[in-house]
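Naming follows writing order (A, B and C), and every chain is counted from residue 1.
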Amino acid sequence: MSTKASRSAARLMISPAVILLLMWMIVPLVMTVYFSFLRYNLLSPGATPWAGWDNYYWFFTDPSFKDAIWNTLALVGGILLITVIGGIGFALLLDKPMFGTGVIRIMVIAPFFVMPTVSALVWKNMFFNPVNGIFGNIATSLGFQPIDFFAEIPLLSIIFIVSWMWLPFATLILLTALQSLDQEQLEAAEMDGANWGNRFWFIMLPHLARAITVVILIQTIFLLSVFAEILVTTNGGPGTATTNLTYLIYVSSLLQFDVGMGSAGGVIAIILANIVAIFLMRMIGKNLDA
Amino acid sequence: MSLRNTLASATALSLVMGAGAFAEEITVATVNNADMIVMQELAPQWEEATGNTINWVVLEENVLRQRTTQDISTNGGSFDIMFIGAYETPIWGANGWLEPLNDFADDESYDLDDIFQLVRNGLSDTDGNLYAVPLYSETSFTYYRTDVFDEKGIAVPEGQPTYEEFKEMAAAAHDPDNGIYGTCQRGKAGWGENMAFVGTMANAFGARWFDMEWQPQLDSQEWNNAITYYVDLMQNYGPPGSSSNGHNENRALFKDGKCATWVDATSAATDVKNPDTSSVADVTDFFKAPQQVTDKGTGWFWSWALAIPASSQKKDVAKDFLKWATSKEYFELVGETKGWVAVPSGTRQSVEEDPRRLEAAPFAATIVDAILSVDPADPTAEPVPYTGVQFVAIPEFQGIGNYVGQQVAAALAGQQSVEEALANSQQFAVREMTKAGYIK
Amino acid sequence: MARAISTKRKSVNTAIAGTLGFLMFFPILWILILSFKTEEDAIRAPLQILFDSGWTLDSFAAVQARSDYFKHFSNSVIISVGSTLIGLMIAIPAAWSMAFVPSKNTKNVLMWMLSTKMLPPVGVLVPIYLIFRDTGLLDSRFGLTIVLTLMNLPIIVWMLYTYFKEIPGEILEAARMDGASLREEVLYVLTPMAIPGMASTVLLNIILAWNEAFWTLNLTAAKAAPLTAFIASYSSPEGLFYAKLSAASIMAIAPILIMGWFSQKQLVRGLTFGAVK
C-alpha cells in the first residue's frame, strides 16, 4: 500500500522522534566519551589534562568492578525469575472465577504505583529493621533471633524489594495475555482428557511466550539501572555485596566526583547494555514479529 | 522556548508586584537534623522582618552532600545558602567556591569574636579567611545510662577510661532479654557515619590514615587492633542490625532506652536530655570518649555551618540571613521558644555562659570543655601530614573513607574477616592516592 | 458449552487470591495505618498498634510544615502529564509511519530506540547537568519535562506502534480514497480507533514519570522539585520518624495510586506491548 509519497511522509513523521532520541543519546554520549579520556575531578578544579586510557585502567582494576558485574547479573536474573514465575502464578489465579475480582486485582497491582524510594524506605524501616520492624517483632515474639536482613542477606533483600514492585507489572501483562486465550481450545483439550499440567504446558505456556518475552525485555531495561533502592537501603554494602554497575558509577562520579573515571564507567556500562540489547533483540526477533 | 520565556517573565513580574521592591527569594539547602528543622520553623520571623522569602530544600545528609558538591563544583548556582561541614569548608573555600565572610568581623552587633576561636579556625582556610558560620559544633563523648549502671553495679569511670574498660562496662550492662544492649555504636558505612567513630577509635589505638609520605597505613597492626576490638564489641554487646545503624538510628535507640552506652556526638545531648523528646532524659549522663594507647584524637571535631556559594546571585540577602541565623538573637529566640536545653551547642561563648542555659542544661559546660580540648592539627600518636580528627582534610578522603567504611561494615556484618577488610582498604587507598598523584 | 462453576470452587479461589493479594498490598496498608498514629505508637508491636492506640493527623501536619506538599504535588502533575503529552505528540507520527509504512529498518529503529533507555543515568548526569546549567534549565519544570519525555519516548513509541499495527490498513486506505489528507487520516481515523491503547500508554507513562527519582532529584532544587524530592528528606531517621515517614509516603504515592485504581481495568486491558495476538 505504500506509495512513494507516503513513504517520504513516513520518514518525515518518524524523524522528530528519531532526531530527538539521537540527540538525547549522542550529545551526552560524546561528552561522556570525551570526559572519559580526561583527568577530570570536580573536587580539584583547574586544568583537565588528557589522561589517555588511565580512567579505563582504573575502572577495570577497581576491586569492586568484578563484584559489580556479578551483582548486576544476579539482580536482573533473580528479579526476572521471581517476577516471571510469580507473575504467571498470579495471572493464572486472577484469571479464575472468583468473588470481588476487582478488589483483589487492585491489591495485587498496587505495588507497581509506589515510588522506588518510598518502597525501599518502607521495607527497610517498617519491615526489615531488626528492632522496630514487623519481621523483627514477629521473630522476637516467637522467641527467635531476628534476621538482620541488610547485613545477612543484603542482595536477596534488594531482590525481594524490587521484585515486590515489578511482580504486579509482570502479572498485568501476563494476565492480559491469558485473557485473550481461546477458552474453547482449553475446554476441548479437557474433554480429550488432558490434565491441568498438560493443558498448562502445551496450550497456556506457548500462548504466554510472547508476553513473557515482553516482560523480560521491559524489565531488563529498567532493572539494569536499579539504583534508588540500593542508595536508600544499603549504599552498596556491606562491602560490595549490593554494589551493581550503576551504583559503582555513582560512587565514582557522584561520591568521589571523579568525572573522568565515572565517565569511563559510563562508557563501559553503555557497551555492556548494548550487548544485552543485541542479545534481547535476537530473542525478541524469534518471538515478536516487530 | 518563547512561551516559556513569556511565562517566566510574567511570573517574575507578578512576584515583583506582589512583594516589596527589594524582596528576594533565596534557596537554602539543608540537612534534616533537629537543629536545622527548628531553624526552618523560626525562619518566617526573618522573612517577615525583611520581606524576603526562603525556599527550603531539605535533604538527607548523604544526598545533601552529593547535591551541594555537584552544584558548587559545576558552578550551577542552584542554591544561595548551603549547610556544609567542617570537612568541606576549608577545601571548598580554598577552591574559591565559597563567598568569604571576613566582613562579619566588622559588624559589632553580630560579635564574631563571641564564636569560639577553635570553631572559626575549623571553618577557615590556612590563610585565615572565614568561609562559613556555625550553627553548632560537636565533639564525641560517651553517653551512659545511670539507672542501668546502678542496677548492674557498674562503676562510673572518673576521667577517661580505656576501651578495654569500656568493653567490660558494655558486657556488664548487656541484657538483651530485657531490651537493653550493652553499647550502640555507628555501623552504617560512610566516612561521616561509621568512620567518624571508628576513626577516633583508631586514633586511640595509635593508628593513623597516612604516614608523612602520604603512604596509607591501613594494613598496620594498630588498625587491626582497633577494628578487631570494634567488631568484637559490636557483635557481642551491640543491638541486632548494627551494621545499618548510623547516628540517627542510634540516637533513636538510645532515646528509646535500648542502649546502656553510646559514644557519639555531643550535639545530640540537647535532644537526649530533653524530656519532651527523650524517654531517658533523667537517667543519662556522660563521660569522655575512651582512650587506649593514646588520648590524642579520641574525640572528634565537627561543625555544621552555613555558607554562601560563590555562584549565588543574591549574596547580600544570603549574608543577611546567615547573620540572623547564627546571631545571639537567634539563639535567644530558640531558647525562648524551644527551651534553653534545645539551643544548638558549641557555637557562642555568650550562649554557653548564659545563666538560663546553665540552669536548663547543666551539662553544657562539660560539652564546651570537651569541644575546646580537641586539636584537629595534632590528631594522632604518630605524626601525620594532615589535619582533621575523624577525617583527613583532602578531597580524596571522601572516596577512601566511604570505601573503608564499607569494608568495616562488611567485617561487622560477618561477611569477611577484619584482615580481609583492612587489606582491601589498604589496596584501595593506595590506588586512590596513586591516582591523585600523592604517591609517585 | 460453559460449565457451571460451583460456589465452593469460587470461594476457594477467592480465599487464595485474596490472601495473596492482601499480602502484596499489606505494606501500603501498613503505612496508611502508621501515618495516622503518633510517633510513640508507631514503633510499638504490630498488634498493639492495631488494637491499642489512638488516631491522629499530627504526622501529616508535621510533614506539611517541613515542605509544602502542594507545590511538590503540582510540580509532579505538571512534569508527568506534560512529559506524557509531549511524548505522545512526537510518538504518534513516528508510530504511525512504523506501523503503516514499514521498511527493512523499522524493527532495528524500534530496538535502537529502546536501547537508548539502557543508558545508565548516573553515567551521563554530569554532562546533562553542565548542559542544563549553560541553558538555564536547572531547577525548571520545563527542563525536567523534556528529560522525562526523552526517557519515556521509546516506551510510548513502542506501545503505540503495537496498537496501531492491530488496526487494519484497509480502513486508512478507505479514508484516503475519500480524499482525507494525511493529517486528517491520523487525527480523525487512526487516533480514535487507537484510543483504548493510547489511554493505557498515557497511564503507564504518567506512572513512570511520577516515580522517576534520579533526574527529578538531581536536576532540581526548590522551584521545580516534585514529590520524589519531597520524600528525600525522610530517607534517614531523625529520632522517631516512622509516622512522619508513613505520612509523607502516603502523600507522595496516594495521587498515583488513586489514579491507578480508577484506571486499572484500562491498564489490565491495554498493557500488551504487542504481546497479545
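Operating definition for what follows: a residue touches a chain if its C-beta (ideal position, glycine included) is under 8 Å from a C-beta of that chain, and two chains touch if they have at least 3 such contacts.
This structure is a prediction, so every number in the text was calculated from the model and none was measured.
Trainee: Treating touching as the only link between chains, describe the layout with one word: line, ring, star, complete or other.
Mentor: Graph shape here is complete: every pair of chains touches.
Trainee: Could you let me know which interface, B-C or A-C, is made of more C-beta pairs in contact?
Mentor: A-C
Trainee: How many Å are there between the centre of chain B and the centre of chain C, using C-alpha atoms for each centre?
Mentor: About 38 Å, centre to centre.
Trainee: Counting in whole Å, what is the centre-to-centre distance of chain A and chain C, each centre being its mean C-alpha position?
Mentor: 15
Trainee: Quick one: which residues in chain B touch 2 or more of the other chains?
Mentor: Residue numbers touching two or more other chains: 62, 70, 74.
Trainee: Got the chain A residues that touch at least 2 other chains?
Mentor: 42, 254
Trainee: Using the touch rule from the top of the page, what residues of chain C touch 2 or more other chains?
Mentor: 43, 125-126, 130, 232, 234-235, 237, in rising order.
Trainee: Across the complex, what residues on chain B touch chain A?
Mentor: 62, 66, 69-70, 73-74, 91, 95-97, 188-190, 239-241, 243-244, 253, 258, 395-396, 398-399, 402, 406-407, 409-410, 412-416, 421, 424, 427-428, 431, 435-436
Trainee: Which of the residues in chain C come into contact with chain A in the complex?
Mentor: Within the complex, chain C contacts chain A at residues 1, 3, 5, 9-11, 13-14, 16-18, 20-22, 24-25, 27-28, 30-31, 34, 43, 45-46, 90-91, 93-94, 96-98, 100-101, 103, 106-107, 109-111, 113-128, 130-131, 150, 153-155, 157, 161, 169, 173, 182, 207, 210-211, 213-214, 227-228, 231-232, 234-235, 237, 242, 245-246, 249, 252-253, 256-257, 259-261, 264-265, 267-277.
Trainee: How about chain C: which of its residues touch chain B in the complex?
Mentor: Spelled out, the residues of chain C in touch with chain B are 43, 65-67, 125-126, 129-130, 133, 138-139, 142, 217-218, 221-223, 225, 229, 232-241.
Trainee: For the complex, give me every residue of chain A touching chain C.
Mentor: Residues in contact with chain C: 1-2, 6-7, 9-14, 16-18, 20-21, 24-25, 27-29, 31-32, 35, 42, 90, 93-94, 96-100, 102-119, 121-123, 125-127, 132, 134, 137-138, 141, 164, 167-168, 172-173, 175-177, 179-180, 187, 210-211, 213-214, 217-218, 221, 224-225, 227-228, 232, 245-247, 249-250, 253-254, 259, 262-263, 265-267, 269-270, 273-274, 276-277, 281, 284-285, 288, 290.
Trainee: Sort out for me which residues of chain B touch chain C in the complex.
Mentor: My answer: residues 4, 27, 29, 32-34, 37, 40-41, 55-63, 67, 70-71, 74-79, 246, 248-249, 251-252, 255-256, 271, 277.
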